[in-house]
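Two complexes, one shared chain (subunit A), two partners (subunit B, subunit C).
What follows is the complex of A and B.
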């Protein structure tokens, strides 16, 4: 592992711990601030219900019953910018070219981190349940902002008979 | 009073009596000793002067939407067994056959089809008279009553049961399955019941809802304490109903479907330790992989085998005093990644309960979460695990490679174990060595050929279909295929469709 990788991995670890601390504290105590964690174009998928954009995400959080989360596990990786290797075809021969590619339109070339969190959460009116949540966060100034967020209870989802899983 | 239905055999008991009921509504009659008399049907009625008067005012003819009018004849006669006490019979049957004293359950499913009652009378619960009798006889038990089963009774409203609303404080479960309740407001008369469980399946009202949430909300308006609806736990107010797969992009759905099938084909199975190496091509050369494992409180006692096998690899940052240590359990580079994968326990993933959430799909980056249950193969006891796995792919047109793979493993909850154990077939024993070798060989050839197709496609820019075609013709000789391609390409005789993606 080279030095550059080490720095990025270390950065991702630090980001994950700081970010998740803040995130779950706000989820339980300061709901009205939750949408600040998201990019304006952020996506949140809550138990299969997808919500786009800060305003809708704010609405979703404000409607959720009071919660008490207990974080038990956090892991994270940096998502590295890549160089892609493409073949360029000339008339009679082809040669290899390395081109740097943007990580993604949504995050540009900002530092970007993938976080996986797991724990136990109790929502008022519902028995406590394990949950898992994944975030892709990207650096915006000195803050980490969520590009996409996927939350699921560890539960059995009852599916109507006609919409059996495709996968 | 004896009523005779001319040609009654033609219509059948239920049909003809229900026609009469609707003709005289809201008045009611309670038909006793219905029987065939030649081609006619005969029954007796008591104390129903008004209803008889109404029938007479219709000239004893009743409109029949599906055929000829129903013609009645009425005579003043008494049944032979005139000592039957109707009131007594309903009461006696309910208390002796339909009420469960220990569990406090009232079983009124298909009420009038109860053989005891059916023998003597026709008394569906759609008649207010009948409901009143049932309530009168159970009056003393209502205070402790816990469950009422009212399925299959053709009920269109519950106004007859409104007495329950104030007098059955412990009623928690109401089963109204397969009735004819047209709309939610038909249940208004039950407002006040502290129901926890309600079954409305099989009523016309269920059709009228666009989504689960409005359905649940309308039920909650009448029964605020509801916990389970149609057998499914309902989330508390504010919690959205959990849904299956989330897909942010339809094109991405196709990819996700293909990927999951491909990936778990090689990941799962008794050959996992070798077939997982076939996944090498799916990972980017600088891919990251790590796993973390944590067990939760209140697991299923039966399937909660310990997670020791994973813990030594677990990269839970909350348990690391120093991030440098975390580097040991982070695998970087595809060779290292597949090596790590091949060392993990052999698995079989349950595809039916698997959820895939595709949360990001752009031209360069894809984020996908897979969640579900797998079992470990090489253990004696059934050993179920819950997993949550997030993949990040870098994307270039139709080429995807995994750049990040994070796997979280925990024990299954009791609910997960119960949902699965019933339908997961028992683990088949480990296949023989020869069988395994043969399978491995096949898989290997498949993988090699697939790699050759992809390689040729990359080198020539022909699409996968044509690259495969070319390789089949040269009997999988890569050099030969390239030479032929070059020749044809110079001639310009390769059709343009070969380069279409």
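What follows is the complex of A and C.
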């Protein structure tokens, strides 16, 4: 593995540790700031409920009851190669595009990192439950921003038989 | 008289699947069917074709909060390979646990316990689906077919796919394994639906009604 990859792997670890510390602290204590973690066009999927864009993500977070999160596992890698340089644009799922930003010298060092987290969360009014969460974060200027955030309780998913047949 | 400060909070009901683009569904479904039929097979070597030459893979595992190997089924088959950054410190060790390249990945996957996945337990989210990159998050249950007592495990797995030839290949994969909740364990491999589903009484008809299969 070349030196460049090693730097990116190391970077991804550091980013994941700092990111997850901040993310769950804000989720539990400063919910109103959560949307700042996301790209303007970020995607959040909360137990299969998907929303797109900072405003909708803010609304989703503000409607959730108060939480207490306990993080138990974090893992992270960089996305290497050409796909390292990605950026999601558009404000509608139908127009989501990934543009290889290496074409743009200004953001030529764009880095993209995958983070997988697991833990235990208690929402007010609900018994505590294990959860798993998957992030894709990308460097926008000097800030890491969430491209995609998938959260799931570890639970029996109750979906109608017709949609079960889908997968 | 009260103040008009809305304090309405609630937990939205969970949905089994989120697709950013409905058109992505057949591709994701096909990918998962193919991947898991190979992963659950006796020999996982054919998975070599699923990975990019420079793909990255890592496994992580953790007991649930307040649990350990004395209180719940042991995760010993996963712990030595677990790249949980909260437990594994030091660049060298972290780097060693990140499998790079298709051969290293499939070798690592081949050493994990033999499995059978329960497709009915799957929750599949597709937050990114573009011609250049597909991001799939899958959660669900499998059982270890060759381990004593065939324990059920819960997993969460992320696949990042990019186009390759006429299809796709995996460039990144993250695999988290843990023990199921008691409810999950009860529901695993249960042929009866967990949720009572309203079934329309069959309509007597000479002509079979076509059934849409997703």
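Rule of thumb we're sticking to: the second predicted complex is superposed on the first by the 137 of 167 C-alpha atoms of A that agree within 3 Å, B and C clash if a C-alpha of one lies under 4 Å from a C-alpha of the other, contacts with A are read in each partner's own complex, and residues count from 1 in each chain.
Everything that follows uses one rule, which is that contacts are C-beta pairs under 8 Å (C-beta built on N, C-alpha and C of every residue); 3 or more make two chains touch, one makes a residue touch a chain.
A quick note: this is a predicted structure, and the numbers were derived from the prediction, not measured.
When the two complexes are overlaid on subunit A, subunit B and subunit C occupy overlapping space and clash.
After overlaying the two complexes on the shared chain, residue contacts for A:73 are found with subunit B and with subunit C alike.
Of the two partner chains, subunit B and subunit C are each touched by A:116.
When both complexes are aligned on chain A by C-alpha atoms, subunit A residues 1, 5-6, 9-10, 13, 16-17, 43, 45-50, 60, 63-65, 71-80, 86, 94, 114, 116, 118, 120, 123-126, 128-130, 132, 134, 136, 147-150, 152-159, 163-167 touch subunit B in the first and subunit C in the second. Considering their complex, residues 1, 5-6, 9-10, 13, 16-17, 43, 45-50, 52, 60, 63-66, 70-81, 83, 86, 88, 93-94, 96-98, 100, 114, 116, 118-120, 123-126, 128-130, 132, 134, 136, 147-150, 152-161, 163-167 of subunit A touch subunit C. Chain contact summary for the complex, subunit A toward subunit B: residues 1, 5-6, 9-10, 13-14, 16-17, 43, 45-50, 60, 63-65, 71-80, 82, 84, 86-87, 89, 92, 94, 101-107, 114, 116, 118, 120, 123-126, 128-130, 132, 134, 136, 147-150, 152-159, 163-167. Contacts from subunit C toward subunit A in the complex involve residues 8-18, 20-21, 25, 28-29, 32, 52, 54, 56, 58, 60-65, 82-87, 91, 94-95, 98, 100, 119-125, 127-130, 132-133, 135, 137, 139, 154, 156, 158, 160, 162, 171-172, 174, 176, 178, 180-181, 183-184, 187, 193-195, 197, 213-214.
The touching residues of subunit B, counted against subunit A in their complex, run 231-232, 235-246, 248, 253, 256-257, 260-261, 284, 286, 288, 290-294, 296-298, 315-318, 323, 326-327, 330, 332, 351-357, 359-360, 362-365, 367, 369-371, 386, 388, 390, 392, 394, 396, 403-404, 406, 408, 410, 413, 415-416, 419, 458-459, 461, 490.
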